[in-house]
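Each of the two complexes below includes subunit A, the first together with subunit B, the second together with subunit C.
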Partner chain A sequence: MATLELSALTKSFGTAQVLHGIDLAVRDREFVVFVGPSGCGKSTLLRIIAGLEEASAGRILIDGVDVSQAAPVDRGISMVFQSYALYPHLTVFENIAFPLRVARLPEAEVRQKVGRAAEILQLNDKLQLKPGQLSGGQRQRVAIGRSIVRNPKVFLFDEPLSNLDAALRGEMRVELSALQRDLDATMIFVTHDQIEAMTMAHRIVVLNKGRIEQFGTPMELYHHPATRFVATFIGQPNMNLLPATVVGTDKDGLTVDIAGGARMTLPVDFGTAQKGDAVEVGIRPENLRLGKGLSMKLRVLERLGGTAISYGATQTGQKICAALAGDSPVREGEDIGLTFAPQDAHVFDNAGRVMRRLAAPALAA
Partner chain B sequence: MMIDRLNIWQKIGLYIATFIFLLFILMPFIEMFRVSLRPMSHLMTADFTWWSEDFSWQAYRDMWVTVPLLGRYIFNSVFIALCVTVATMVVVIPGAYAYARLEFPFKSLSLGGFLAVNMFTGAVLLIPLYRVLRQLSLLNTYWAMIIPGVAFLIPTGIWLLRSYLEKIPRELEEAAYVDGASRLYTLRRVVIPLAVPGMIVVSTSVFIGAYAQQFLFAITFNNVRELQPLPAGLFEFIGYQDTTWNEMMAAALTGVLPVLVFFLFLQKYLVAGLTAGAVKE
Partner chain C sequence: MANTGQSAPIMARSGLSEAAFAWLLISPALLFIGVIVAWPLAETIRLSFTNATLGGEEYIGLANYAELLSSPKFYDTVGRTFYWMFLSVSLKLVMGLIGASLLNAALPGKALFRILVMPPWVIPVAIGVIGWKWMYNGYFGLISGLLQEFGIIQDRVALLATKTSAFYSAVVTDVWVGTPMVTLFFLAAMQGVSRDLYEAAWVDGARRWYRFRRITIPQIMPVIVSMALLSAIWTFNSFEIIWILTEGGPRGATTTLIIDTYKVAISSQRFGEGAARAVVIVALLALFSLAYLYFLNRVNRHYGAK
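Coming up: the complex of A and B.
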């Protein structure tokens, strides 16, 4: 139940700068996910918020109080680690009670608080077991139990689901979302998995090379990615990027020649783009359908039932992925034609910045 | 595993090799035992035989009479070695933890220094040590045998335990730190319980080291009979006229026996501890 603010946070390890001036404001009771490829600095950022690493410069404010120099426990944060970091020699009860024992709480209070945490996490009958006797999901819950037991202001999760199998991961995603609602807590969750980010977050921070590429709601990121990086990172399968050349601009938008395909007029805010500029047209696989326009040689077809994911390439060698209707009459090895609605297209300039889409769905509230 | 399967000839070879190896190590003990069973009169004359009629346990009874303080010597030996082990571990555990986890100036230099110290045998340092102990008026006390023992065993202890502590996942300590635990609290409640198997290995090696090195310190720094450990006490079997070899061997074996039994028990625990404490990641 707290706000978290980061201002001009930087971090260098020796000569390597891993975070370049991070500014971020997390609202009270918000579930924010940091997502990005490995090495983007997301874990380092989380460890700085936790107090496990010291920032090279910048400030961290929790509930408006500068905690940059405070010890983790005084910041009012708690953290769940990727490996759970359970103490193998202690029982589940003592693992969850650990922060309370450190704080020297009376035995009765410890019992009551651990009991409540165990109840929330359905660990009541496991309290006397050792972590080694638990399944992956149960260990995960013990780690969460240890973090909720001392009522922190901000919860930090460092890729906590990456050690679970796919089915359990889906289950834990739902549980975590429910837990966040029940606890009314501010949560920061780090992951490299964009599905976890999309499904759980109120707002997502996309990090790349130590910078925030975009901070927004999942649907904002999906419909209005600020950069080419965000566009290709969010959404599954990844967005297709097609090289194109500007042939004209008018009140309807930007007219482009797509390499190996058609001339189209796309409703975007083209800014200073001029005839002859090289741009990239981004189109999500789910927005492609059979029709005239782009022709593609279909190499691999994955029929998932509802959809048929088609992988192929144009004559110019441009790789394309399309999510077609499940029973589309296409076969591997065939040449197929694809088309898309102009308002579904994203256009990126040379520097990878997006041209604002004018006909796209309004931002999610 | 298929790859571990041996055919019959490989197995026979393996057992023969093991037998030769064990014989080589145990031969002195076997010979000690044989000598301890034989009467003095036959000891110098008889040819080598594995067994003869006049073997008896007589020496094991007589040795207590020949050297009345023998029981005390055995006690001293174990007592000194135990004190050395405890004192060494008290220093080694926090020391090794510091070397495993903390960053401080001259860390690798001082670690190298420890290794260098180990290259001097105690014998080289006997004279300076004698002067130091005399200055501190510790000659002819238990301390004279305990303190140098501790000093010589700390470096190896730190080296051994440090590498074990480094294997404990750092995240466990970070989790404790995030929850507000101090370094010492983390050491006590997280690190030490997980390091028990490693600590047993180190204290075992320290105990053996302490047991082995006490002879040198005892004959140099102590001439109070009541404080002598067994290795020094065995000298009393060497008389003006003759040496009662059989009783000396019997006393040596008797002195080693309690330690041997202790380690047999410890070995069981050691194996159990190694699997029970295994840290799953």
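Coming up: the complex of A and C.
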């Protein structure tokens, strides 16, 4: 339905700058998720797109039209709030109809549009209830219904699932993805939950301290994190980072000595790295398996059935987490050996930038 | 039932049953209410069936009430009281809403304005009303002086000297005294309305007046109803403002039920007749209280947030 483009967007509250030049191009019918830790500026960015906050500088284009100065209603956006922002004194019908009433549409049209939204969201039998009589998931649907009836170009969601319990959240994730396909809509979704980002997004924007760390597909972020921040933010449990020293570079990649572990040659594009440089080797818990290489004292073991999450530390005190096979014959208190395939390793330079892996699954391309 | 658990050891030690223990706990309050409220009320009702004066009293049955109900003057007083109440409460509510909306707006220095609203409420009523009495004065009054200064009137005018102007002057003063509290209650209620609701409405294109009408008003409706009914009771019973300004004059133009009662019972020392009037007031206020509870209940159910 629409493209969204942000260029050189900045925002300061007083002397505190919360967004430092955001450039972003969202494609038509794309589901883009903004993800990042608290205070990274993701909600502020969304509110600026909505028109609830004014950017200090920069432009917002929807379908190529500069809407930076336009009122929210003239931008062609609709927004679902974290609190749902339902009007407690109005029925579900009137809540959904609110934008249409504001626009003074004829009664017949209001009924038709609310009816259609209610049908899509399975709220037909709830229309005469008050929001207070609904469950969390149903309230969520009413809030979405209110944003559907306006037929906006871009849907904005501000952490809409964070007030739901875990089971319902999973359900709503699936529903939202389906809804996005059914409506053929461009959607921007803000969350701090990387699972939501990974499962729903076509592309993810990882924000940190008011800057975009990386913008890419979920698999791109997982297999080719651009920075150490993205590497540790995406993926559950978090990626292990092991200090290492470069001992050589050749056509096979970078040879490093991993602290408390072995010497390995890792197939990465090492750029200007040279012998003696301090780097960090990142390895995801799910890429670690029992074997020779790193030795770790196993402190806590969480057996989830399919996997056994093992927490421990090397002799040098480096904390490690490994997601081992569920039936691994390990016990808490034991010393275990871990190893990994060289092509699974990520290497980060001193500045936290990645040395791109040369061998990664085709999925991540 | 958690309370029972806690009080059980005390009861066991004192050898009291749960009911007796409960009566023991409320007995100080009960005694207090009995002496301050119940006994005077009972005494007033008893007096209303007598012709009590300073000289003594005698049971005369319903004679006081019969006289009241057959007196056109009394009906005038009741009508005037309701008109006084209706006018004053309406103005307080409207001005309170306007004031609260202005104070709630994100303006620089709003804290200062919030403080400036307070004086009519915090200074003693008598002092404020005496100030108004001076302003209404025909010889040296500020209002008369200004009106002459700007050429709106030729001769000086004593606002409290004629029936109509005295009545409306009293209303103005009553509104002046009563508005700040209504304003602050409305302001507190408005601040309790979630900002998200306004933002959601703003995103959907609702302008200021629309948001006020469809979000603010319904959201603070329980407080509006509370303030309307409480304010009605207080205004109905408002004594000192009228008494200081006009003592119910000129020629009864500002005599409300409460003033009439005072004049009969205290000034004229016809205690029995005064008591009958007081009983009428109690009955009317009891009706207001019932209406208050009824409406509050309904409004809470209708606009209830939960």
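FYI, the second predicted complex is superposed on the first by the 361 of 365 C-alpha atoms of A that agree within 3 Å, B and C clash if a C-alpha of one lies under 4 Å from a C-alpha of the other, contacts with A are read in each partner's own complex, and residues count from 1 in each chain.
Operating definition for what follows: contacts are C-beta pairs under 8 Å (C-beta built on N, C-alpha and C of every residue); 3 or more make two chains touch, one makes a residue touch a chain.
Source: prediction; values computed, not measured.
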**OP:** Could you classify subunit B and subunit C on subunit A, in the superposed arrangement, as clash or fit?
**Re:** clash
Original post:
When the two structures are overlaid on chain A, which partner does A:99 contact: first (subunit B), second (subunit C), both, or neither?
Top reply: both
**OP:** Applying the touch criterion given at the start, work out whether A:52 contacts subunit B, subunit C, both or neither, answering first, second, both or neither.
**Re:** both
Original post:
Which holds for A:89: it touches subunit B only (first), subunit C only (second), both, or neither?
Top reply: both
**OP:** Report for A:170: first if it touches subunit B alone, second if subunit C alone, otherwise both or neither.
**Re:** neither
**OP:** Figure out whether A:137 sits in contact with subunit B (first) or subunit C (second), or with both, or with neither.
**Re:** neither
Original post:
Is A:260 in contact with subunit B, with subunit C, with both, or with neither (first, second, both, neither)?
Top reply: neither
Original post:
Where on subunit A do the contacts from subunit B and from subunit C line up?
Top reply: 50-52, 71-73, 77-79, 81-83, 85, 87-89, 98-99, 101-103, 132, 146, 150
**OP:** Flag every residue of subunit A that touches subunit C in the complex, lowest number first.
**Re:** 50-52, 71-73, 77-79, 81-83, 85, 87-90, 98-99, 101-103, 130, 132, 146, 150
**OP:** Would you pull the subunit A residues touching subunit B in the complex into a rising list?
**Re:** 50-52, 71-73, 77-79, 81-83, 85, 87-89, 98-99, 101-103, 131-132, 146, 150
Subject >> subunit A-facing residues of subunit C, complex >> reply: 194, 196-197, 199-206, 210, 214-215, 218-219, 221, 302-306
Original post:
Where on subunit B does subunit A make contact in their complex?
Top reply: 169, 171-172, 174-181, 185, 189-190, 193-194, 277-281
